[in-house]
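Note that the chains are named A, B, C and D in the order they appear, and that numbering of residues resets to 1 at the start of each chain.
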């Protein structure tokens, strides 16, 4: 009932919003949140194409499902590690502002 | 139930126990032996499930349960590994699972679990016993626990894994893997007390001797794979392939390929089952702990050789029509088997060590089986394999119990005598009643005591197979061996248990704990009853009362090819009656009441020949003179002094000098000007570039992300321009 | 306009709006709450795509775990940044421009393609079929067994690593 | 006969009637489904909330009996109209919003709490024919939506701007997240047994109720669901001696009422889910021919399970925080994992055997695992007891009053 492109446009918009947030927010937690948005957009894309492909084939096609699952797994691992790092940094440097963490400055 | 899956699981439990014991629990003795026995119990339980299924579903077994998975990719096909259950596997599983479980339990008692640690016990030496102060304040010597207790059970787990793997595998690849792991375990366990020089030497001897056989066997397997393109039994033993093998001629000696491969694989059997030219390792292997001798060198590993021969019978007998004209491998087997049977039986007569007698007896009995296969008595060989495994395990465990009791006495009296020497024993039947009863059952089974014991039925089948097939030389040789077998068995029983105690230690010997006696009782039950499954139908009076179940069951292996010999004669029956009873009577008569001062009655009756027997026909010395000395001479004089020191070393020194000269030249003409100078330039240039580009490194991750975004857009734009 | 389309448009609008709130709100806690709304919207989108497994997983993993953990982290670090301060970097204008160019390119490319305008119709299979196929695919040695095991390793690594990185080293030594 | 047929399955009958009505009005088929779902959802939600009134009364009465009190007894016969009076009171009470609350979370929290419970009803099969949706991932849905409850608690704690609320919210969400783990593992074991994640299929497959296959799993699930609901003995989030009244301390009037209703309804809902998963749901003699019987069976089973929960709530004291955490991470989770591994293995091994044999084997395994797990726990417990803190002859307070002087101090 719904055209494929609607999903893709929704995903593109979400992805762009997430990208904006990831680059421009100061708070490191907010950066992580924005990255979650981008990953969600990716998953919408993957599942939309999965549906499209399954519809063409007439049976369940698993590649898309597996990719979506891997994205979710990666997101979970990323949040766990990312938040742990943010907390560790917070404990040492008392800041969560991403641009204050610039020890690697050249 | 999923019987294929269960079959897969049988070998895995001991393997798991092996890994857990060695990686985790090796410091905890109780946990380690519980794990090992638990795993053996699981394997036993699964085996029993399989056996019950197999026995109740003959039509399924006739086809065989089999399942394979692809393992190694070869160019176009896969090497498959898998498991299968057929009649032979079933009966082998029966004795393997029972003996392994019983010996695992026995080892707990044998290694003095629950006793204190010894005062000067060290890993690698047998425990010397500990001195404790009892409640009344007296110093007492008691046995001490084995220092490497957990390690022993770990090795046992690995061994049990290999044996089960060999039995249930459906291809020669995993069979060979199991075969070699067992060789390794045998080496490790013979040399379990590695600080004893004799044990170390025995372990090396066993490993190297069996290796000779294994190399030939590997060649045989390679030849088989080259010709048939598969290692699966179902392919190799299919009628087309067998026919093909039997009719094509190999380049060696005009043998058919079946003959050549059969001979090569039979060499492996000779090594593993310790037949004549390669029999020398088995008696020395008695240096290991007695459970090892019972399990590896009586019940399972040496039986594996015969198992392989039985398994390979279709190839070995390819072209045989059931008559008297046997194939070359069968001829070789008949000759070597019957010769070994007689040869080692005679040696056994003159041994003083309680375990060595049994070792030679094992060799002799394995010779019986090989000879039976050689004359085509397939069922008889398999039957004797089962019965022998059980009663020989029983005998070895019994001898371990005797030694244990004697060691107890030695510790108590602090005498300096060998607790394994039969001339130091005597009169133990009062001290160790359970051991005595079970040992007598086992010994009578070995001697073939008529009608009651299992050994009688199986040995009788072998004799009648040889006689009815028309191989009268084999028959008479085996009959004489059987007579000697009965004789030395009774000699052993008399020396150990009857008469009066010949040393103080024997007077203070002691019955062993329950963990040791219970396996003895269980095994002695089977040593009697297992024979009743195979009573032949033509047997006078009791034949046919019990259906000859074994014949029917194993008959499924042969797919009707086996030609039943029709004419029965009572000669073999009478012979086996006479030899067993006569041997037993004579042995009892001569050795009934030996005292401390008496010499061996054979020593005066055989005079010089006794010395030959006691020295095992000087085979070891012969090998030392013919093979080992020349090999040492060659390696010392020619290989080391000539090749190594003169030719190879000189060549290498020359190369070294040339390289040094070349290196100097390179250093001055290439390294210093080009590499060093250029390298310096590169470094300073990099540094300069880095200083200039430093400003873009703000250290803020989000700035980098902006750059990445901008550059990806720019890149996309350029790409677009180029593309369109 | 079928009801499904109306549902889609409503959900998409809510999702996009809340996503914009997520990246623009000053109060980070509220931003996290709007994130939950966005995630819920995405879950409904998944349900519309007949990927009900992923809709449930989206709720279970993203809302039930990830969002909650994020909220925990915000609570643990909240006193550092006051809500009145500017929450966005100075260079946000450039970023907005670049992202807009990105979005315009994406959307124009998507809407100009024919294949992509296919109407998605309901799939023929029902019930457990697709989940069973998915599970078998994950455990099939010829399929995705290795990536599946690697993913489980990744999760284990993330678990251990997260605990280790966030562990208070001084407190750990005392114990 | 028509009447009987209608009576045997009234809900489907009404549904058919509405469909025909809509068709006569000329409504498109997809809109028909839409309207039907709307009506169904409205009826289910309202019905569940009204049913809570009876539950509240029954629970108060039962708890009162357990604690040797009378319980509500003033309004109506046996106090049966007490909850209605309470409801009216809560409706007309002043709704106080404290200063400094964070408005969005503060107002959202009670709604999420109630909604997360009501959502669960959409996947429960009430009879052979009547259910919200035979969602093919119902078990995951139950876990996920159950997790939404945590969100409500956290929002309430944060939004109230009160340290006791905040502490309670942390406690409650830690508890819920922790107890979701063994619950999820047990549900995985159920998936292995049934081969399906749809609740309707799971109920249909239970010719023998799964509690006989997995008594240990049922035990773990039951304990975890009590903790998940935050009811005694796991009501740490409302420990009045430590936290005033928990995360809802700043709420009053109808908002408090919503938390209150959610609490009672959640207990009943988890009883429904428990009886659907482990006790065979609507299954019973004749339930397939006469679907209305399914409702009755489900109700009976649920009430039994629910009563068990109330009984426990009325009799057991509250656990400490560390005990609560130890119970899940050191006992329930390892046990559930062991159970899951063994079940996965054994289920494959005895795939095609007789069902009664399977039940027997599973039963033996469950009992064995339980005994082993309990033995381990008891062993460590004993070790703890043996720890000597100080000798018995410690310095006692010196009582100056001679009347209170005794061997063990004043």
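Just so it is clear, contacts are C-beta pairs under 8 Å (C-beta built on N, C-alpha and C of every residue); 3 or more make two chains touch, one makes a residue touch a chain.
Everything numeric in this text was worked out from a predicted model, so none of it was measured.
Trainee: By C-alpha centroid distance to the whole-protein centroid, which chain wins?
Mentor: Checking distances from each chain centre to the full centroid gives B.
Trainee: Starting from the mean Cα coordinates of subunit A and subunit D, work out the distance between those two points in Å.
Mentor: Using C-alpha averages as centres, the distance is 33 Å.
Trainee: Could you work out how far the Cα centre of subunit A sits from that of subunit B, in whole Å?
Mentor: Roughly 60 Å separates the two chain centres.
Trainee: With centres defined as the mean C-alpha position, give me the subunit C-subunit D separation in Å.
Mentor: It comes to 29 Å between the two C-alpha centres.
Trainee: Which residues of subunit C are in contact with two or more other chains?
Mentor: 2, 4, 53, 57, 65, 89, 91, 95, 99, 102, 130
Trainee: Touching two or more other chains, which residues of subunit A qualify?
Mentor: Those would be 19, 23-24, 99.
Trainee: Would you mind listing the residues of subunit B that make contact with two or more other chains?
Mentor: Residue numbers touching two or more other chains: 702-703, 706, 709.
Trainee: Among all the chains shown, which pairs meet the touch rule set out at the top?
Mentor: A-B, A-C, B-C, B-D, C-D
Trainee: Taking the touch rule as given, give the residues of subunit D at its contact with subunit C in the complex, in rising order.
Mentor: Per the stated touch rule, the residues are 30-31, 34, 102, 104-105, 108, 134-137, 140-141, 143-145, 147-148, 150-151, 154-155, 158, 166, 173, 177, 180, 195-198, 201.
Trainee: Within their complex, state which residues of subunit A touch subunit C.
Mentor: Touching subunit C from subunit A are residues 1-10, 12-21, 23-27, 29-30, 32-34, 36-37, 40, 43-44, 47-48, 50-52, 54-55, 58-60, 62, 65-66, 68-70, 72-81, 83-88, 90-91, 94-97, 99.
Trainee: Which bits of subunit B are touching subunit C when the two form their complex?
Mentor: Per the stated touch rule, the residues are 702-703, 706, 709-710, 713, 716.
Trainee: State the interface residues of subunit C toward subunit D in the complex, per the touch definition above.
Mentor: Residues 2-4, 29-30, 33, 36, 52-53, 55-57, 59-60, 63-65, 67-68, 71, 75, 126-128, 130-132.
Trainee: Residues of subunit B touching subunit D in their complex?
Mentor: Within the complex, subunit B touches subunit D at residues 1-2, 5-6.
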